[in-house]
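Shared between the two complexes below is chain A, which pairs with chain B and chain C, respectively.
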Partner chain A sequence: MHIIDCYAYSNKIRAVDPAQKAGLAVIVLGLCLAFNHPVVSLLAVAWMWGLAVWQAGLPVLVFGRVLLAELFFLALATVAVALSVSLNAPANPDAWLLPVGPLWISSTPDDIFKAANLVLRALGAASAMNFLALTTPLVDLVDLLRRLRFSPILIDLMTVMYRFIFVLMESLNRMYVAQDSRLGYSSYWRGMSSAGLLGSRLFIEAFQRSQRLQTALDARGYEGGHLQVLPTTYYRSDKLLAMSAAAILSLAAAWLVL
Partner chain B sequence: MTFHKRLRWSMLLVLPLLLGVRIAWAYPAAAPSSMHIMEGFLPLGWAVFWWLVALPFWIIGFIKVKKLLTEKPEQRLLLGLAGGFIFVLSALKIPSVTGSSSHPTGTGLGTILFGPFVVGILGTIALIFQALLVAHGGISTLGANAMSMAIGGPLIAYGVWRLLRGKAPSYVNVFVTAFVADLATYVITTSQLALAFPDPVSGFMGSWLTFAGIFAVTQIPLAVAEGILTVLIFNALQTSATAEMQALGLQEA
Partner chain C sequence: MSWLEFADVYYRYPGQERYALDGLTVTFPGGENIALIGRNGAGKSTLFLHCNGLYRPDAGEVRFAGRPLVYDRKSLKALRQHVGVVFQNADEQLFSASVAQDISFGPFNLGLTEPEVRRRVRMAAELCEVVDMLERPTHALSGGEKARVALAGVLAMDPDILISDELMANLDPWGRRRIFDIFKRLHQRGKTIVLATHDLNVVRRWATYVVVMAGGRAAFAGSPDDLLANQAVLAETGLAQVWFDEI
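Presenting the complex of A and B:
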């Protein structure tokens, strides 16, 4: 979590208008889903990875690591797409069969191709969102939602949530280390009761923090209404715009040619 | 096909499965212990479909949250912190029998503490954050994930909670609620996947059973463990957070 957030703040195109980056990511995501073609998906991965490295100045491996984690995440669900399980042997002559007890596990070249296409499509779509996540801090995206006239209540909720995720996460880690160093997780049941205690303390911390924050706001004359924050200044990058256009056109061209 | 040829093919197919399971156990962060559907995994039609299905629930949740905040403007920060709590809860480690650890979904506890519709909104925001901060889930699959984790699970769990309240001891009620919340999420996600990817041989049911079987390995023990954990958290809250529980209407003054 910290890795993605760190790069989101420290990359070279952080100050580029989030509308530009989100627009690119959403269009590429949409094209990957709509075209549903392995070459388009691969091209999307290449473009997004390339832009993240050359434009945003991210280390080559960071993008790869995030993508790899997503690949593992996909692995289990994809197996179910590639394999068929049935009570009767399938009639398809191309099928590979493996009897397990009363069940037939089977697969066909077609199924394998479908599963591979699925993995590529998911990776293409995920790399578009990874590009956005790694180059744009969440606060900028929330700010973009504000510009799009999104509900102010939800924007306030998101702002407060984003801020306190990190605060609460730090409390959680501190408490966990304290418990662990006192053998709090040395056996199954001890671990369970430690985790229960940790969860309840975390809730109390969150609740009391919200009360203290409320007091602090009240003391500064807050009378309800939306929370105000200072606006950030962005700039438009024509270079990124040109590259985005090239990426989108090449995806469309690849689909038309193939 | 000869026996050896068949064996070779089956090995080839089983290998990625074993690799996936091995890695899932080795890296809790990459583990599919949660039931997120990855970005881009659902075809466009199904992704849009689940967005549309989730939409009315989001609108109801939004109206409830808006009403709550007009009546009690001071709850604005509490709601934000509650959302943060729900997000962070999924980083808590529950010890599991296999030696490594899994993570709770927090759906059951959130529903008991804050009600199903508020959890629907906060959970959806948490899912957006998970997609953008930890690369779990996604924007195109947000509708489907919200339907299973932030809307369906909590609503069913809330039904169980209301049904058992006053009839069963509170620890039984809390356990069953948290267990059912996880189970409902698991069943809904499995159905979503089976609908999108029906088995070419055995159709929807065959594919449902395949997905269910694959995820049962991690999800059933997780549901039991989360049930136990939620009881422990709830008990600790009742003894040490009396004021907070009263404020949420969960304990008599």
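Presenting the complex of A and C:
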């Protein structure tokens, strides 16, 4: 999470209006889902990857690694689509069969195609979200939600939760090191016990910190309601706009042609 | 010059038998560098939480500029404009995702306009030397930077009295030095700074006024030289041993 966050803050299009980046990501995601064609999905991955590298200046491998991690989970999730398990051998003459004890594991070219299409479709949609996550810090997305008139309380909650993720991760790390240095993870069961204690302690810590945060907010004149802070200023990138239009049109054209 | 006064203040935390403030009577004079010292549990943090109305005394009176504190919304808002409190752990004060946004929180609560808030943020950031990190996320700052941002968040409200509850406890000597440079600039502007500290060097070299807390009361209030000359207080508060060991 730290790495994604670092790139979100340090990329070349960080200051571009998040509406522009989110707009592109949402449209590409929508097209991947709506068109449901492997070529469209692959094209979406290529565009998002390309824009992240050439426009945002992210290293090629960073986007690739994130996609690879997602591909792993997607592949696991679609195993059930590609393979069937039954007690009787399937009658389909095209099926590949593998007997495992009393069970038959089978698959057909159609199943494989369906699974691959599903993976590509999800990967295309995920690449659009990756582009957004790697180029836009959460604070900008929260700001966008504010502009879109989302509930102020929800937005404040998101802001504070986002901040607390990092604070609690630091606490978690400190506590883990303290436990580990006293052999808290020297065996499996001791590790389980230590992890349980750590979890409960972290919960108490989170509660106490929230109370101290409330005191600190009150000390700065907070009287309840919306946590008002300065809005961020952004600029519009015509170059990104043109490339976004080209990406969307190429996806639509690919679907029409194919 | 603004000042704070505690007149026979008692405060007990819910469920506790012992009073955290046990008949505290002390005055914090305006325009001074005030060091507040005392053992852990002496009541320093509880005292601070009374200074800008976060806690309300069970008995007695807290006065600001000669007038007793009034605990209604409007009065507290006015008080918090004059008395700023910055706490020991900066992580517990920084809630916003970016530095500029966090600093702007206090000024917005004062009801200022956005251009004025931007001016205040800039002013506080310059004072605390955090201008170059205004757009950075708060979680990506070092401990010293977080402390300065937390300080800037309070100074953006332009308080007359700045209360710092062991802000420098976790900082390295360089980080502490930068905070003291900020305090020096504030002192030159006539601000009152109240600093809780366990560092007796701070008392000797920085403070112009010292308050020693013991058992929820002020055991001493006066100049550092007077404290050093007061053998009875040094002995009673156990300062004699630690002070002379330290020196």
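Following the convention adopted for this analysis, the second predicted complex is superposed on the first by the 258 of 258 C-alpha atoms of A that agree within 3 Å, B and C clash if a C-alpha of one lies under 4 Å from a C-alpha of the other, contacts with A are read in each partner's own complex, and residues count from 1 in each chain.
Simple rule for what comes next: contacts are C-beta pairs under 8 Å (C-beta built on N, C-alpha and C of every residue); 3 or more make two chains touch, one makes a residue touch a chain.
All values derive from a computational prediction rather than experimental measurement.
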{"item": "Partner chain(s) touched by A:52 [first = chain B, second = chain C, both, neither]", "value": "neither"}
{"item": "Contacts of A:77 with chain B and chain C, given as first, second, both or neither", "value": "first"}
{"item": "Touched partner set for A:198, first chain B, second chain C, both or neither", "value": "first"}
{"item": "Touch count on chain A, higher of chain B and chain C", "value": "B"}
{"item": "Touching partner for A:207 - first (chain B), second (chain C), both, neither", "value": "first"}
{"item": "Partner chain in contact with A:162 - chain B first, chain C second, else both or neither", "value": "both"}
{"item": "Chain B versus chain C as contact partner of A:43, first or second or both or neither", "value": "neither"}
{"item": "Touched partner set for A:228, first chain B, second chain C, both or neither", "value": "second"}
{"item": "Contacts of A:9 with chain B and chain C, given as first, second, both or neither", "value": "second"}
{"item": "Which of chain B and chain C A:251 touches, first, second, both or neither", "value": "neither"}
{"item": "Set intersection of chain A contacts, chain C complex versus chain B complex", "value": "5, 138, 159-160, 162-163, 167, 209, 213, 217, 227"}
{"item": "Contact set on chain B toward chain A in their complex", "value": "1, 6, 9-10, 13, 16-17, 19-21, 23-24, 27, 29-30, 32, 36-41, 43-44, 47, 62, 65-66, 69, 73-74, 76-85, 87-89, 91-95, 97, 109, 113, 121-122, 125-126, 128-129, 131-136, 138-140, 193, 197, 199-202, 206-207, 209-211, 213-215, 225, 228-229, 231-237, 240-241, 244, 247"}
{"item": "Residues of chain C that touch chain A when the two form their complex", "value": "49, 52, 54, 73, 77, 80-81, 84-85, 87, 89, 91-98, 100-102, 104-106, 108-110, 114, 117-118, 121, 135-140, 153-154, 157"}
{"item": "In the complex with chain B, residue positions of chain A that touch it", "value": "1, 4-5, 26, 29, 32-34, 36, 66, 69-70, 72-87, 90, 92, 96-98, 105-108, 110-111, 118, 121-126, 129-130, 132-133, 138, 141, 151, 153-154, 156-165, 167-169, 172, 176, 185, 188, 191-193, 195-204, 206-211, 213-214, 217, 224-225, 227"}
{"item": "Residues of chain A touching chain C in the complex", "value": "5-6, 9, 137-139, 142, 159-160, 162-163, 166-167, 170, 209, 212-213, 215-223, 227-230, 232"}
